[in-house]
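Multiple structures follow.
Presented sequentially are two complexes of chain A, the first with chain B as partner and the second with chain C.
After this line comes the complex of A and B, so read on.
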């Protein structure tokens, strides 16, 4: 009488080989990145893939990578956070103002990180417990936080921070800029958390279906609160590194990072089959944005045109992935 | 009896819609194998079969969603090809699905006269004519629904009626209904049937897809049974017997649908509910013993589902006490707490409450078992695969592997995933709301057997069901609710539907 059981398990092993066309759609975004690299390399083989330029690209996207990591967490939970850019600007401004006022570097950094954490906590409470929509809540906090950043900076650009602090953004290790290392470390940590920890699984479950998760015993309010808090903290870190890299802090710096972080996560969502936000995909998205902007720069294309093209690329990638979903 | 088999439609009436030799393959897998189907004008024709038998595929071919690989479709005897849904609609074929395609934010009148039906002049909507047209359609099915009301404010049956009215507004000659009674109460079902009969009298051909065989025997004129993508038989309902229909659908006898009732109930009480009160539920008290299967019935709106949700902590109670295995559940305990106390919950709506469709089987199972697969907050991939494989094997979940997406599984297998998620926690009390809704007969039998096996190992089961035969077949003891209170308690061994129904309508013991 054992035969039916063995039979049913044996049939599990049958998998389907994917057709090349489907693979193209599935890997569309990655393919796009590779094509971009090939294109720019073909246009300027002398410059584009040189060590200096690759290092340059990595340096340029390192802050975006950190903030896009923060955005990924929130989008895994099924929300999004418009305030990441503003939070990073305020954190940079707070750190800068404190250091200029004589506060020791570590304390200034810790306070700035706490500022980000509190903003994230506020977002989380508003959204998870007071049930505001993520759009409204983070739009409101973004507005207030930008205002706070203007207050902290008095509407000016703060500079003359300690050299040791600026090294954090401008220094190099093994000829590679320090922000690149920081971005890589943060990304690895976030990847690990999302993939291998219980909170990561709770985030994915909540984003997949909040009601199913709740009825499976997951405290979805707490999961969302933690996600927003983490996003605030990481955004603050990004802002601090940005201030160090620029050697200055202003209320509007890193404004682009909010929009580009959402774009990077969207691009990344097209990389995997389930269409969920994921860190690896986000980094592919960050790379596309970085390569685009650097490559177009090298070709001497005007910055405004770059912005237009970036939007088009996002539309193309998301269209491809929705075609894929239709096919299924 | 076999003389009634009527695959070739020997009748002289030209079918309103006819499918001959339909073949449809997906990735080389045969979904329809020369399927045959014909519905005459002025008849209600049941299309029956287990999940995966090919009913949905056939309907999609008939309504232009899928293009058949081979075969012919004839509308009033003329060969047709439906390039898409709109073409099929224009030919008078309309399908109404479980999730009705009405627009919640529009008024009743706008819903009825949607799209091409909207009267307009120079692109400007003529509201007067729109209302008049909508009213005419509602009148024709004897419905009095305020035209200005938003569709979201309507009861499920009213929404169904609005969908009918819209179908009639598009001059539908063939109506295809997929489980139209799933969310309706018994009185509403009676009303629906009256409307369907009046449509039949007007010559509309109605295709009726349902898992509820009692309804088919009440309502339909003929039935067609599909199995494995083939049409097995078509015959008059009057010449059919329910057992024969079931055995034809599953390819085996119906008598073993419900397993034998065991005497597994032990003395130890594992769930005790006293004076439990919620929104509808009022002062409900009962207890369940280890190894006992308690069925809970009642009409929709009687509070039967809310009772389960209150116990599970899915909804906050306003009063009363709950004890699980001697432990008090605090009033504000959420589902996480109640699960930890030893409860398990299989919710009513599988697709919105039970499974996350876009993720894999293992990701679904793990979310209720994070503690078991992790150490110090770090999950082990091995352990996830282990518990998933074990669950898939013990529940016979038919899938390619732990990573297959749940959305790709049949309803029955999805329900098994929900069960697996909870059973991996070894609950002392398993709460199940409509354990077999919308799943095929074969899987139903498996779930009844599983309930018995769990009871034999000492698990207490509390199962809510809207189907009286199911309550009687699977339970040891049955509680019936009426207007938030328990109106009757019966030993399942001596229960009959008549008695249960009288309790459902509030006749007390």
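After this line comes the complex of A and C, so read on.
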């Protein structure tokens, strides 16, 4: 009589542990975000969740959110783009140089966006049609684009852009910085495209299995080309907003956005069951990076320690992501 | 297949044309002869000049100024531009020394990063003259002319003290960047002097920016976060260089705080910030054209008589730039 009972208890315990493990695996990133928020709130209850500080966090991650959105698209198709940071810097520099030279703001912005689009197009051609690896192709374009940015800025920091342009990055609506609204709008558009449009589904299909997609009639070359082109365009938008936010543009501005955008997408890949890149997850990843940086700053943690912790979190995210893939 | 070959061919042609069109522009890692169109030197005086900081405004000015001086003085100049890549720059300089040189001229590259170049120059028996290549005397150079970091700190802290009515009990954040020897030294001096004056160091110690490339956004975030946690907890921010100081000033202006900021470098944007009546109080101008003239005079003396400078370390005084003189200053990023 006792034996079956013991077996039953053991099986419940093991099943419970398994489901807890699976739950941690599936919801680990979101749980980590919640735990981080609880931890920092417990450490500084008077400050951390105050309106000013939450607005601060949103403001600080808004540009990363835009660039991470771009990175999400190329990671959905199974690639990655090392040139997003350089593209954003060049676009910001082009817009700034043109405006300082007297070009009207809308034209300068359009040209800068086209610069990003062309860089993305070049990446897409190199990767989809000339079959270069995404690592080599985007590393090469990153190098050239940084050089172009130095040529555009002449190695200096460009400033004295029109006030109306700076308002794009520094202005507020309902006491919320404008870049936050722009990041939300871009994220919603990307989420819609990825979830509800044909091209979004083709991107996911290509990332899932390029060969199966090809056999199913999907033009995977064109899908990858469009993904990289869109990433270039969105990165350029991020760079333009960054130039407006700082009121200046330089060749290396925001270069850490590349690494953090990849980190955010990896963090987000653990959020959904399939383990694929997804926009909602990326935004959770962006939030983790923002909350961590802000919380550690508020606690006065040394910048070098912050860097170590950030690296460890990325390792944890990639490990979680890898475990998810194995589980599938 | 044919379309791939055509595409590759087109790429190759485009790359060749681009390289041909750009062959006179941009920096090169390999040694280049800066003598260009200069008249044939009356005496064969070979100079190997190098800088790792050619992508900074002051470094770019130095490359141009030294090249012009070389033409004027009839040097046979080899200029190596390192792009902050010592793995690329050091062997290029050593190779140029190996091909025969009379002197080496170091611009803005800390001696800690060029040990192999110092060894190569010693082996070749030639002296190294330097500008702003370390904050302390070293046998690596026959002369290193730089700015006096203590005077720079005295001047900028003096401006803060005057604006705040003294430093006693005031909360002052110090922002530095350790990999840059000059910034590291002046940040340490500022922290020590602030403590000695009875100020509180906001955040407990020097706040460290990790990368000069993202210095402005890092400083902006640091100060914004600190002000969010301590809304009235900051009276001043002392920053080791202007780009990060501009980020700190922006955070203070956006938060509507009353704190003041000082920087160092006197770049055009910082001068505009000082003149705009915002949080940016003052910066420090380091007299690089005068420093270059001093080192060139030493080199010419050595060329003419073989006499080396009497001291291997000279620290010149910088100039404080505030609202009273900002209009009269030539920004360091617009030197030439």
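Rule of thumb we're sticking to: the second predicted complex is superposed on the first by the 298 of 328 C-alpha atoms of A that agree within 3 Å, B and C clash if a C-alpha of one lies under 4 Å from a C-alpha of the other, contacts with A are read in each partner's own complex, and residues count from 1 in each chain.
Convention: a contact is a pair of C-beta atoms (placed from the backbone, for glycine too) under 8 Å apart; a residue touches a chain by one contact, two chains touch by 3 or more.
It should be emphasised that the depicted structure is a prediction, and the values quoted were computed from it without experimental measurement.
Legend: residue contacts after superposition of the two complexes on their common chain; A:214 is shown touching chain B, with no touch to chain C. Looking at the shared chain after the overlay, A:170 reaches chain C, while chain B stays out of its contact range. Contact with chain C, but none with chain B, is seen for A:293 once the two complexes are overlaid on the shared chain.
In the superposed model, A:156 lies in contact with chain C only, and not with chain B.
In the superposition on chain A, contact is made by A:199 with chain B only, not with chain C. When the two complexes are overlaid on their common chain A, residue A:276 makes contact with chain B while staying clear of chain C. In the superposition on chain A, A:246 makes contact with chain C only, while chain B stays out of contact range. Note for the complex: chain C touches chain A at residues 4, 7-8, 11, 25-26, 54-57, 59-60, 203-205, 207-211, 213-214, 216-218, 220-222, 224-226, 228-229, 231, 243, 246-247, 250, 254, 267-269, 272, 333-334.
Per the touch definition, chain B reaches chain A in the complex via residues 27, 312, 314, 334-336, 338-340, 345, 347, 352-359, 363-364, 366-368, 370-371, 374, 377-379, 381, 392-393, 396, 398-401, 405, 421.
Residue ranges on chain A touching chain C, taken from their complex, read 44, 47, 50, 52-53, 56, 59-60, 129-130, 147, 150-151, 154-157, 159-160, 170, 246-248, 250-256, 293-294, 297-298, 300, 302-304, 307. Residues of chain A that touch chain B in their complex: 5, 8-9, 11-16, 196-202, 204-205, 208-209, 211-219, 273-276.
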